[in-house]
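Both of the next two complexes hold chain A, though its partner changes from chain B to chain C.
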Partner chain A sequence: MVEVLQQIINGIAIGGVYVLIALGLTTVFGILGIAHFAHGSVSMFGGYLTFFFVTSWGIPLLLAILIALLVGLVLGVLIELLAYRPVRDANHINAFIVALGLTMMVEGINLELFGHEQVVIPTDFSRVFNIGGVTIPELRLYVILAAALLIAAMTVFVERTKTGQAIRAVAENRDAAILMGVNVKTIPLVVFAISTALGVCAGVMVGSLFAIAPGIGEGLVVKGFAVLILGGLGSIPGAVVGGLVLGITEALAAGFISSAYKDVIAFVVMISVLLFRPQGLMGKA
Partner chain B sequence: MLNVSNLRVSYGAIEVIHGIDLQVNQGECVALIGANGAGKSSTLKAICGLVPATAGTIEFEGQDITNQSGHSIVKAGITMCPEGRQVFPQMTTLQNLRMGAYPRKDAEQAADVEEMMDMFPILRDRAHQAAGTLSGGEQEMLAIGRALMARPKLCIFDEPSLGLAPKIVAEVGETIARVKEMGKTILLVEQNSAMALRLADRAYLFEAGEIVLSGTGAELQSHPDVAKAYLGH
Partner chain C sequence: MARNRTFILYWLALVGFVLLPQLISVKYYIHLCVLALIWVIAAQGQNLIQGYTGYVSIVQAGFMGIGAYSTALMGMHFDLPVWLTIILAPFVTAFFALLTGYPSLRVKGHYFAIVTLAFNMVIFIVLMNFHDLTQGEAGITGIPKPGGKDALFNWRDRETYYYFVLIIAALMTGLAALIVRSRIGQILVAIRQNEDLVGAVGIAAWKYKLFAFVTSAMFAGLAGAIYAHYQSFINPEIFGIAQSLDAILAVIIGGSGTIAGPIIGAFFVVFLPEYLRFADSFRLILYGLVLVLATIFMPRGIAGIARDLMEKRRGRT
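Right, the complex of A and B next:
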C-alpha cells in the first residue's frame, strides 16, 4: 500500500509537468485550431535559460525562473506574431508545416546555444520528508505545489476574468465573440504568452527534477498531445485530469512492471479510454 | 443615428448588395424585410464589420465606421443579436450574459445581469446550465439578454424568430416590443414580415440586393405588392 502511494506521489509530480504542457497546447488548439508542436522545445528553451542564468551568471534560482518566465511571455507573443499569424487564414496544412519547422528551428537553437550535453538545474532542496512511510523529496513536493498553484491560477484566470472568458468565447464561437466586442487579434497573443510561460515552468520542473537534453522537448510535446486526446481536445479540466492520469499510470507502470514499458502502458491506457470515450475523459461528445 | 449610403458588398467576385441607402433615427424601430437571399443579413454584417463593404459609407452618430473592426463597432455602441442565436454552448447562461458586457468597465454589470433575469425569468432558472443545453426559445431569450448587456445605443436583431415554434415567435415579438419601450433604437431583420411590420416604425423592402420600397410599417403592410408577396393575402 505504501509502495502504491509512493508511486502515486511520483506520478503526480510528473503528471503536474504534463498538465502544464497540455494546458498550453489545449488553449492554443482551442482558439486557433493549431497543433503547436514546437511547444515542448520552447518549454525546454525556458529550462535551459534558467540553467544558464543560475550556473553561468550566478543568478539566484527563483529570480532566474522569474526572468525565464518573462522571456517566455515575450517569446509566446513573438511566436504568434511571426510564425502563426501569417498563416492564420491559410489552409490548415500551412500552420502544421510552420509548427514542424518551428520545432526544428527551436531544437537547433537550443543545441547551438546550450550544447548537446544533458543539463540539470542545480537546486539546494535536498531534504527528504517522510510521511507514514512515503518519502517525498523536498524538490518533488515544491514541483507538485507549484504545478497545483499554476493550474489553480490558470483556472481562476479563465473562469473569473473577462480576458479569460473572452478566450473561452473565441474558442466556442469566434464570430459571436467578435459581436461581444472581443478583439480577436489580441486574444491569440495573450494565449500564446500565457501558454509559453506555463511551458517554461514545465521546462524548469523537468530540468530540476530530471534533466534537459536535446529531444526531451519533442518527447514531452507528444505526451502533451496524448494528454489532450485523453482529456478531451480544448478542455482545460480535461488537460488536468488527463495529465494526472497519464503521470500516475506511468509511475505505477514503472514501479510495478518495468520502467522500460512505462510509455507503452501509458499509451495502452490512453487507447483503452478512447475506445470507450472517443471524446476523451472530459470532452463533450 | 445610423446612416448607410451607397453600400456595396461582395463575396469574392459576386456583388450581393448593389448600392443601398438606409437610415435609422434615434429611438426608432426599423425593419428590413424581403425574401431569403435578398441581402438583408449581408447588410447587417457589413454594418457590424463582419464582412467588408466594397463601396459606400456607414456612419454612426456622425462617425464613419465603414470597414472598422468588429470589436470597435461594438465599442461605438452597436450590438447585434445574431441569426441562429450563436450562444457560447459550453459556457453557462450566466457566463453568456456576462460575456455580453465584455467591453464595459462600470460597476453596474451585476445589476444588469439581475435585470435581464427579471426580464427573462427562465434565464434565472437556467443560470448555471450550459447554454447549449437550453431550448431554442430559451437560447433566443439568452441571445437577446446578452445583446442588451452591452447597453447598446443601437440593437440589431438578425432573424430572431428563425426556427422557433409559433408560440415562441409571438414571445420573441413581445420581447422586442419591450426592448423598444425601453427606448432602445432597433434595426430588425425578419423573414416573418407580418411580425416585423407590426413592430416597426419604418421598414425597407429588399429585393435581389436592392431596396425597392420604403415607408412606415403601416404603409408597407397595406402596400398591395408587399401584402401579396410577403404577407400572403
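Right, the complex of A and C next:
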C-alpha cells in the first residue's frame, strides 16, 4: 500500500508538469485552432536557458527562471507573428505542418546552443520528507505546489479577468467577439505569451526533477496532447484530470510493470479512452 | 487533351528513370536513387491520407518499420522465401493500422495526428526494448536479398535492385492513381473539403478514412520490407518520428493531393540532406525552415507550381 502511495505521489509530480504543458496547448488550440506542436521544444528551450544562466553565469535560480520566462514570452510572440499568422486563413493542415517545421527548428537551435548532452538544473532542495513510510523529496513537493499555484492562477485569469473573458469569447465565437470590440489581433499574442510562459515553467520543472535532453520536448508535447485527448478539449478541469490520470498511470506502470514500457501503457490508456469516450473524460458529449 | 499531355509526361518520366542508372557513373548516387524510389512508395501512401483525405498521419516511418521487421522476422523464423515475406509484410502492417486507425479516426484533425504520432513512439519503444524479437538497438543483420543462389539476376548488384524497386514504385504509383480516380478517391477528397457534408449525404466517412489510413500503411509496409532486403540490415533508428516527418515533408514539398508530388518530394527528402551536409548540425534548423517557408509560400508544392505555370503558358498561346 505504501508502495502504491509512493508511486501516486511521483505520478502527481509528473502529472503536474503534464497539466502545465496541456494548459498551454489547450488555450492556443481554443483561440487559433492550431496544434502548437513546437510547444514542447520551446518549453525545453526555457529549461535549457535556466540551466545555462544558473551554471554558466551563476545567476540565482529564481532570477534565472524569471529571465527564461521573459525570453520565452518574446519567443512565443515571435512564433505567433512570424510563423502562425501567415497561415491563419489557410487550411488547418498547413498550420500543423508549420508547427512541425518549427519543432525541427527549435530542436535544432537547442542542439546548436546547448549540445546533445543531457543536463540537470541544479537546485539546493535536497531534503527528503518521510510521512508514514512515503518519502517525498523536497524538490518534488515544491514542483507539485508550484504547479498547483500556476494552475489556480491560470484558472483565475481565464475566468475572472477582462482579458481572460476576451480569450474565452474568441474561442467561443470569433466573429461575435470582433463585434463586441475584442481585438482579435492581440489576443493570440497574449495567448502565446501565457502558454509559452507556462511551458517554460514546465521545462524548468522537468529540468530540475529529471533531465533535459534532445527529444524530451517532443515526447512532452505528445504527452500534453494525450492529456487533452484524455481530459476533453478546451476545458481546464479536463486538462487537470487528464494530466493527473496520465501521470499516475505512468508512475504506477513504471513502478509495478515495466519502466521501459510506461509510455506504451500510457498510449493504451489513451486509446481505450478514445474508444469509450471520444469526447474525453470531462468533455461534453 | 490535358489528360493526354500528363499521360505523356508520366511516360517520359518513366523512360528517364529507366535510363537513369546508365547516366549516373557514381555508385553512391544509384544507392540514393534506390532509397528515393523506396521513399516514393511510402510517400504515395502518405499522400493518400494526408494529401487527399486531409488527415496528417505521423506514423509512416513506424509502419515502414513494422513492414521491415515483419519481413525479416518471418524469413528468419518461418523460413519463408523472400518474395513471399515481402508480399506478406504489408498485410501485417495493415493489421496494426486497423488496430490503431479505428479508435484514432474517431477524433478529428489534429488529434488524429497526435494519436498516430504517439503510435510511432510506441512502435519505436517496442522495437528498441523487445530484445528477444527485435534484438533492440543493435538491429537485425544478414537479411537475405531476393533470389536464391542460382537466381536469374544478380541481386547484389545495385543496378538490378534499382530496376526492381523502380518497377514496384511505378506499380504503386499507378495503384495510387487508380484509387484517386475511383469513386473512393472522390469521396476522400470530399472528406478533405467538407467532412460534415459527406456525412450529410449519407456516406459513412469513417469507413473511407479507415480505408485511406490502412492503405497508406500498406504502402509504407511494402516500402519498409523492400528497404530491409535492400540494406540487409535494419535497426529502430530509421523508423522514428523524424523519418515520419520526412514523409510529410515529401508530400508537402512535392505537392500534396497530386500523383507527381510524392515522386518529386521523395527525391527531395533523400537528396536535400545530402546537399545540406555542409551545414552539419544546422541541418535540422535549415530543414525546419524549408518546411515552414514551403508551407507558407508554396502550399501547393512543386507539382502545384508546375501545373500553374503550364496552365499560364497554355492560356497565353
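Note that the second predicted complex is superposed on the first by the 285 of 285 C-alpha atoms of A that agree within 3 Å, B and C clash if a C-alpha of one lies under 4 Å from a C-alpha of the other, contacts with A are read in each partner's own complex, and residues count from 1 in each chain.
By definition in this document, contacts are C-beta pairs under 8 Å (C-beta built on N, C-alpha and C of every residue); 3 or more make two chains touch, one makes a residue touch a chain.
Because the structure is predicted, anything quoted here is derived from the model rather than measured.
In the superposition on chain A, contact of A:T123 is made with neither chain B nor chain C.
Once the two complexes are laid over each other on the shared chain, residue contacts for A:Q6 go to neither chain B nor chain C. Which of chain B and chain C touches more residues of chain A is settled by the count: it is C. Of the two partner chains placed around the shared chain by superposition, neither chain B nor chain C is touched by A:T155. Once the two complexes are laid over each other on the shared chain, residue contacts for A:T55 go to neither chain B nor chain C.
Once the two complexes are laid over each other on the shared chain, residue contacts for A:M270 go to chain C alone; chain B is not touched.
If you check the complex, the residues on chain A that touch chain C are 29, 35, 83, 86-87, 90-94, 96-98, 100-109, 111-112, 218-219, 222, 225-226, 228-229, 233, 260-261, 263-264, 267, 270-271, 274-275, 278. Of all residues in chain C, those touching chain A in their complex are 50, 54, 56, 100, 103-104, 106-107, 109-111, 113-115, 117-119, 121-122, 125-126, 129, 241, 245, 248, 252, 281-292, 295-296, 299. By the touch criterion given at the top, residues 48-50, 69-71, 74-75, 79-80, 82, 86-91, 95, 98-100, 102-103, 146, 150 of chain B touch chain A in their complex. By the touch criterion given at the top, residues 162, 165-166, 168-169, 172-173, 175-185, 284 of chain A touch chain B in their complex.
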